[in-house]
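Labels run A, B, C and D following the written order; every chain starts at residue 1.
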Amino acid sequence: MNNDYLQLVGVSKRYGGIAALSDVSFSAARGSIHAILGENGAGKSTLMKTLAGVVRPDAGVVRLDGRELRMTGPAQALDEGIVCIFQELSLVPHLSVAANICLANPPRNRLGLIDRHRQNEMAREALARIGCDRQIDLRERCIDLPLSQRQIVEIAKAVVRRPRVLILDEATSALTAEDVEKVMRLLRTLREEGTCVLFISHRMHEVDALADTCSVFRNGEHVSTFPAGSKPHEEIVRLMIGRPIAQVYPPKPQPPAASVRPYLQVSGLRSGTQLKGVELAVRPGEIVGLGGLDGQGQRELMLALAGLLRDVRGDIRIGEQSTPPNGPRGGKREAYRMALIPEDRKTEGLALGQSVHDNLGVCALDRISRWGVVDHAAERALIADLVKTLQIKAPDTRVAVSTLSGGNQQKVVLAKWLATQPRLLLLMDPTRGVDVGTKQEIYRLFRDLAAKGLAILFYSTDCDELIGLCDRVLVMYDGQVRASLAGAMLTEEQILMNAMNLGRRDAPANDSRVHAAAWECAA
Amino acid sequence: MSTLAPSTNLRSHFKTPTGAVLLALAALLLLGGTLNSQFFSPTYLLLQLQSGAFLGVIAAGATLVILLGHIDLSVPWTLTVAATVGTAVTRAGGGAWAELGPLAGIAAGALIGLLNGVGVAYLRIPSLIWTLAVNTILLGAVAFYAGNTVISSEPSPVMAALGAGRSFGVLPNAVLVWLAVSAFVVWGLRRTLMGRYIYAVGTREVAAHMSGIDTRRVILGAFVASGVCSAIAGLLLAGYAGQSYQRMGDPFLLPGIAAVVVGGTSILGGRGRYGGTVAGVLLITLMSSMLSLMHVPEAVKQICYGLVVVVMVGLYSRRQGG
Amino acid sequence: MKSASIHLRHHARTLLAFGLLAVLLVAFLAIHPRGASASVLTAWFNQGAALALVAIGQTLVVLTSGIDISIGAIMALCNCVASVLVQGDPLQVALGVAAVLLVGTLCGVVNGMIVVYARIQPIVATLATGTIYTGVALLVRPTPGGEVDAGLSDAMTGTLGDLVPTSLVALALVVLLVWEPLRRSLTGRTLFALGSAEQAAYMSGLSVDRAKVVAYATAGLFAAMAGLFLGFQTASGDAAIGLPYTLNSVAAVVLGGAALSGGVASVLGTIAGAFMLRTIGSLMFFTGVPPLAQPLFEGLVLICAVALGATRLLRIRNRLEIFR
Amino acid sequence: AETFLPACYKPAAGVSTTVSYPARKGPYRVALVNGHTGIPWRMQMIQQTRAWAARPDVAKDIKELKVVSTGADVASQIAAIDNFIQAGYDAIAFIAVNPKAFDAVIRRAKKAGTVLVSFDNPVDSPDVLRITPEWVEFEGDIKTQAVVDLMPVKKGKLLEVRGLPGNSTDRDRHAGVRKILDKYKDISVVEVTGNWDTGTVQKVVADAIAVNGKFDAVVCQHGCRGVTSAMKAANHPPVPVGGDAENGFVKALIEQKIPGISVSTSPGQGPVAMRAAIALLQGQTLPSLVNLPTPNVLTKDMKPDVNYFPNLPDSYETVSSYASCGISFTPDEINKFNPDNN
C-alpha cells in the first residue's frame, strides 16, 4: 500500500489576517478511509478545497501518486480524479437528477451532443451502487427532492466520476439513518477498489465506524496523524481543541413541576399530509427534544409553530395566545417572545454578505429603537455583550459573517435571537456542523437559558445529543408524537423503538432499519 | 512613518467608489477647464448643480430601491404624472389653494410607488418587469387624460420658486431641495430601522424575513420613497421649465441608474453608500453637459458615456473580486 | 402516467404562455375583418419575428441569470450595418449577411468578456456597452436610410407557396439549427446549470466563464438576425430603434415563463411571449378602444399578463417559498 | 393636369409628377396610423382629424375612421398598415416613424389598391402622396431668415438648438439653418442638442449661456419654451428667437418682450392629409409631393386668443388650421369630444 499516494507539502493559505492553513504537510494512502478532525475553523474545508482546486494555496505543493499537480480550478482536479463533496451542496436545483449526476461529463453522441439515454443509464447505475436507484426518479428536478435525497444525488454524482481521491466534507450531515448506512457501505466498497477517501465529520461515531486513519487539525496546523482506534476519544478531543473536555453535556436539574403551566401547548395539530394530530407541551425551564427518523414531520411542526405554514389546523397555545404568530416577526412580539433558529444557516439564518455586527443586531434592532430611530450606543453595547457572552471568535465585528467558521456562524445565529430575550426557543438542528468544543459551550448556554425560565423545543438529527441534553424527548412518527421519554426511559433503544413505531415487545419488522438507526445512536 | 500616514490614508480613501468618482470628477473639471476656462466659472458650476439636482433627487430614490436589489423603471412617467397632477391641481385649487398642487403631485408619486411596491413585494413580480409595465400604464394614463382634457400645465408658485428660484441670489433652490432629500436619505439609511432593514433585505431577503423583519413592508417603503423622489423631481422640473409636459421624464431613466452604480452601489443590493450616488450624479451631469457644449457629436458622446461606466464600475468590481 | 405529469410540471410555464398567446391570437383573428388568412398571418408573424429573435437572445442571457440591456442596441447596430452591406450581387449580399451576423456576435462577445473578466454585473455592463453600440450605430448611419437587397427582403417577409409565412419557417430553422444543438451540448447544459447555481456549476468542473461568453455571444448573434430581419422588413437602417426592443425582449422572456433569477427559461415560451406582446398591440386595430385610450389599454393588458405570475403564490404552503 | 385644390396642395419645388387613383364610390373606410404616443402634438392631430371627420359635410363621405397609434417600433407600424390593407380599407394616412422603411408595404398597398397618404414625417417614396412642410424652407427661409432680419446688426453669436440626433427631420432643418447663415459670415453659430424636449432644451441653453455669455439670436427647432425660460433665468437680454408654435413659447415671447417668430407645423396636417385621401378616392389628382404652407407669425403681430391662448395649457399647439386648405378649428371644436372640457 502506498502511504504517500496523496501528499501535501508545506501548504499555506491566508485570508486577510487569518491563517486558514499554515505550512501543512499531510499524506493519505490508497485504499483507505482517512478521517480529518478538528474544531470549527481549524482549516479542514480549506484543505479540502485546496485539493479540489477551488482554493489556490499561497504556498506549497500537492502530489498525487508522486506527480505534482498544478491546478487552476475544479475542472483540473476532477480530471485528476480528485472528487469532492462539499459542505455546501453543489447540485444544480433546476436540472434533473440524471443531468446532475452526469453534470460535467455526460455521455455524448457522434455529434458531440448529450446522449440522454446513456446518461440515464449511467445515473441509474451510480444510484444503484449506493442502493438508492429505486427511491429517486431520474427525471425529477433536484429542487423538488427532499434534502436527504439531494445528498444521495450528490454522492452518486461523485461516484460516477470513478474518483481516485474522494473527499466528503460533512457530506453525511443531512442523511437519514438508513441512507448513512448505505453510504458507509459504499465507502467501504470504494476503499476495497483502491480509492483514497478523505472524510470530515463532527460525529465521532461515524469516524469510529469508518476511518482507518485519523488526522487532527488545529488553528490551521496539522497536529497529529494516528491509526483509528489507537487513541481514546478524550485524547482526540484534547488534540482538537487544545484542552480536555470533562463533560460534554451539562448536568440536568430537576425538571419543572407538572403543575407549572406550559408556555407552549399544542393539541390536534394538523397540516397537509405531514402533520396528523400532534400533541405536545413545553414548560418554562424545560428543554424538550424532538426526535425520530428523518421526515416524520419534525420540520413541519417547527415551521407550523412559527407560523410559516399556511394550512394549519388544531390548537396551538403560546403564552397567553391561542394562535401561532404570523411568522418570525409576529413571534418577536411581547405576547409570544419566541425565536426560531432555522436549519439552514447559510441562507435563512444569516445575511452572509453583511458584517457580524449587522447580523448580530438585526433581530433586536427594533427593541433599541424609538420611533424607528436606532440608538447606536445601545446597539454597540448589545453587540459587545453578545460577542462576549457567546464567545464569538471574530477578528472584528465589522468583518463579513461569511468569513467566520461554521461554528461561529452558528453562534451568531443564536446570539442575534437571544438578543430579543425570547421566552420560547425553537431550535432546528442548531449544532449541525459544530465542533465538540463549541457544542459543549452551546449546550451549557441552552441549560443556562432554561434555568432562567426559557422553554426550549429542540429538534435534532443527532440522537446522542437528544439524550444528553434534553429533559424530555418527544419521538415523532408519521406526523404524530408517538412517545414522550424522560428519566430512565430516555435511552437509545426506546427512542429507536418509538421512532420506528414498534411496540416494546414487538419484534423488529425490518432488521436493517433497526440496525441503521441503532448505529446512528451508538456514540 | 508619520509623514507617510496621511498620503496612504488619502490613497486608501480614493480606493472607495465615492473617492474614485470624486477623482474622476476632478479630472473631468481640469480637462474641461483647460479646454474652456468658462467651465470653471461659478455660474456654470452652479448651473450644473441646478440640473444635477433633478437627477440627484431621482437617484436618491433609485439608491434605496437598488440597495434592495430591485430597480424602478417607472421613474420617467412617475415623474411626468406627478408634474401633470401637480400643475392640474394647482389650477383647479387656484389662488390660496394652489399649493395643493405639489402636495397632490407628491401623493400621486407615493401612490405609484405603492403600486410598484405591491407588485414587487406582495405579488412577487420581478421589479424589472413590473415597474416597466407600470410605466407603460402611466404613459397611457397621462396621454389619455391630457389628450382629453384641457388642463393647465402651469406650476404653482412654490414649485416655481423651488425649481427655478435661487436663494441669496446665487444658490439654486433645487439644490437646497436635493440637499434636504440627501440629508434625509443619509440619516434614514444610517440611523433608522428602515435604513438598516433595507441593507438586510437587500443582502438576503429570506434571512431578513427569518430575523423577524417584515421584508415586504421594507420593499414597499423603498418603492414609495422612490415614487416620492420621482415626484419631487417632477415637480421641481415643472417649476424649472415653467410647465409640465409629456415625456419630461424620459431623459432621466438611464442616467439615474448609471449615477447609482457609478457611485459604487451594487446592483445586486445590500452594498453601497449614498455618498457615491451624489458623486455619481455630479460626474454624469457634468460630463454630459461638457460633452454637449464642446459639441462632440452625439455618437461620440454616447460612446464616452458607456466607456466611463464600464471603466468606473470595472474598477470597483476588480477590487472587490480581489 | 407519472412521466407525463413530470413533463407537464416541467413545461407548465411554456404551456401557459402558449395558452395565453392562443387566446390573444384567436381574439385578434376574431375581430379582424378578414379573419385568418395567409396574408393576415404573415403580417402578424412579420410584426413579431424581430422581437422574437431578440427575445430568444435575451432568453439565453437570462438563463445564466444575467440580462442584456444592450441587445436592442446590438440589433440597431446590425440593422445599420445591414443597410450598408446587404446589397449588390448575390455574393456581396451573402457576405453582407455574414458580416452583419459577425458584428452582432462580436458585440455579444465583448459583453461576455466584460461580464466575465471585468466582473461587472450584467445589467450594468450591458447598460454601458449598449450606449457604446448605439453610438457606433449612429456613426455607421447618422440618419435612417441605406438599402437592403430587395429580392431577399421580399422573400424573407413574404409567404412560402402562398401558405406559410417565410419568417415562420426562418424562425423555426434558426431555433432548430442554433438553439437545439446548443441546448443539447455540454455548453448548453452549463448555461442552465450556472444560471441555477453558479457556484455549484463551477465546483462541478463546468467551464462557467466560457459558457457565459457563449451565452452573450449567441445573444448578439440573435440580435444580429433580428436587425437583419428588420432590414428585410424596412429595406433600411435606423440607429434609434434599440431601446423599445430591449425592454420588450425582457418582457417577452418573462411572459414566456422564464425566471429572471436564472436557470429556468424556455426559448419556445419566449417566442410565445414575444408574439403575445405584439398581439396585445394589434388587438386594438379593429376594436372600439378610443384612440387616445389605446396606450392605456395596452398597458393594462400588459400589467394583467405580468400579474398572472402571482398566481404561483396561491399554491404555496410553506411561506418561505415565496422568496424563491 | 388639373390638381385638386391647388391653393392648398401645392407641389414641392421641381415636382411635376402627380398621383391619382381610379374613382370609387363612397362612403369610404379610412384609417389613420400614428407612430409616437405621448406627444401632445400627435394627440391634438388625432383629435383634430376626428373632429374634422365628424363635420356633417365630411361625415357623409366617411363610413368609418379608425385611428391607431403604434409607438416607436417600425415593425408594428408596418403591421398596422398591412392589417388595414388586408381588411380592405380604402385609404390609410400615416406619419412614418422612419422615412425609409416603408417601400415594401407601399408595394403591397399598391397591389391591393389601397390609397396611402404619408404626411408630416413623410416617407421617401415617389409612389405615394406625401404631404409635408418643406423643412429646409421652414427652418431656414422662414424661421432663420426672420431671426436674422430681427437682429439689429447682422453679426455676433447665434445659438442653434437642434432636435433628436439621427432623425432625418433634424438633418433637414439643420440644413435649412445652414443655408441661410452661410450667407452671413459675421454670424458665428453655437450648436446644442435639445432633443425637441423642453426640459433638455432649457438645460442645454442655460449651459450654453453660462459658458458663452450673451447670444445675439437663437434658432430653436422644438421645445422652445426651454429657450425663453433659460433666458429668463439667466437674465439674458431679449434677443431675437425663432421657435415653435406651442402656446407656452408664444406666450413667453409676449411676456418677456422677445422679438421673435413662431413657426408651426400645425396638427391640422391630420385633416389636411385625410382630405387629400378622400379626394384621391374620389378620383382627383394631386401632386406627388405636396409642401404645405408654413404658418408663422412675428411677435409684433401676435394677438391673444388668435396666436396665443392665455387660458389654454402651454402644450397647446396654437396653430391648428390651414386656411388655404379650408381647414380651420377653434380650440372648442377640437376638444368637443370631451365631456369635461372647460
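One rule holds for everything that comes next: a contact is a pair of C-beta atoms (placed from the backbone, for glycine too) under 8 Å apart; a residue touches a chain by one contact, two chains touch by 3 or more.
What you are looking at is a predicted structure, and each value in this text was computed from that prediction instead of being measured.
Between the chain pairs B-C and A-B, more C-beta pairs are in contact across B-C. Distance between chain centres (mean CA atoms), chain B to chain D: 34 Å.
Averaged Cα coordinates give chain A a centre that lies 44 Å from the centre of chain C. Of all residues in chain A, those that touch two or more other chains are 327, 348. Multi-chain contact residues of chain C, defined as those touching 2 or more other chains: 138, 142, 292, 294-295, 320. Residue positions of chain B touching 2 or more other chains: 139, 143, 147-148, 206, 209-210, 297-299.
A list of each chain pair in contact follows: A-B, A-C, B-C, B-D, C-D.
Against chain D, the residues of chain B that register as touching in their complex are 36, 38-39, 41, 43-44, 47-48, 50-51, 139, 142-143, 146-154, 164, 237, 240-243, 245-248, 250-251, 289, 292-293, 295, 297-299. Residues 67, 114, 118-121, 123-125, 127-132, 134-136, 138-139, 142, 247, 250-251, 254, 260-261, 292-300, 302-303, 306-307, 309-310, 312-313, 320, 322-323 of chain C are the ones that touch chain B when the two sit in their complex. Contacts from chain C toward chain A in the complex involve residues 2-3, 6, 10, 181, 184-186, 189, 192-193, 195-197, 199-207, 263-264, 316-320. Residues of chain B touching chain C in their complex: 71, 73, 119, 123-126, 128-130, 132-134, 136-141, 143-144, 147-148, 205-206, 209-210, 254, 257-258, 261, 266-268, 297-303, 305-307, 309-310, 313-314, 317-318, 320-321.
Interface residues of chain C facing chain D in the complex, by the touch rule stated above, are 32-34, 37, 39-40, 43-44, 46-51, 138, 141-146, 150, 153-154, 157, 230, 233-241, 244-245, 278, 281-282, 284-286, 291-292, 294-295.
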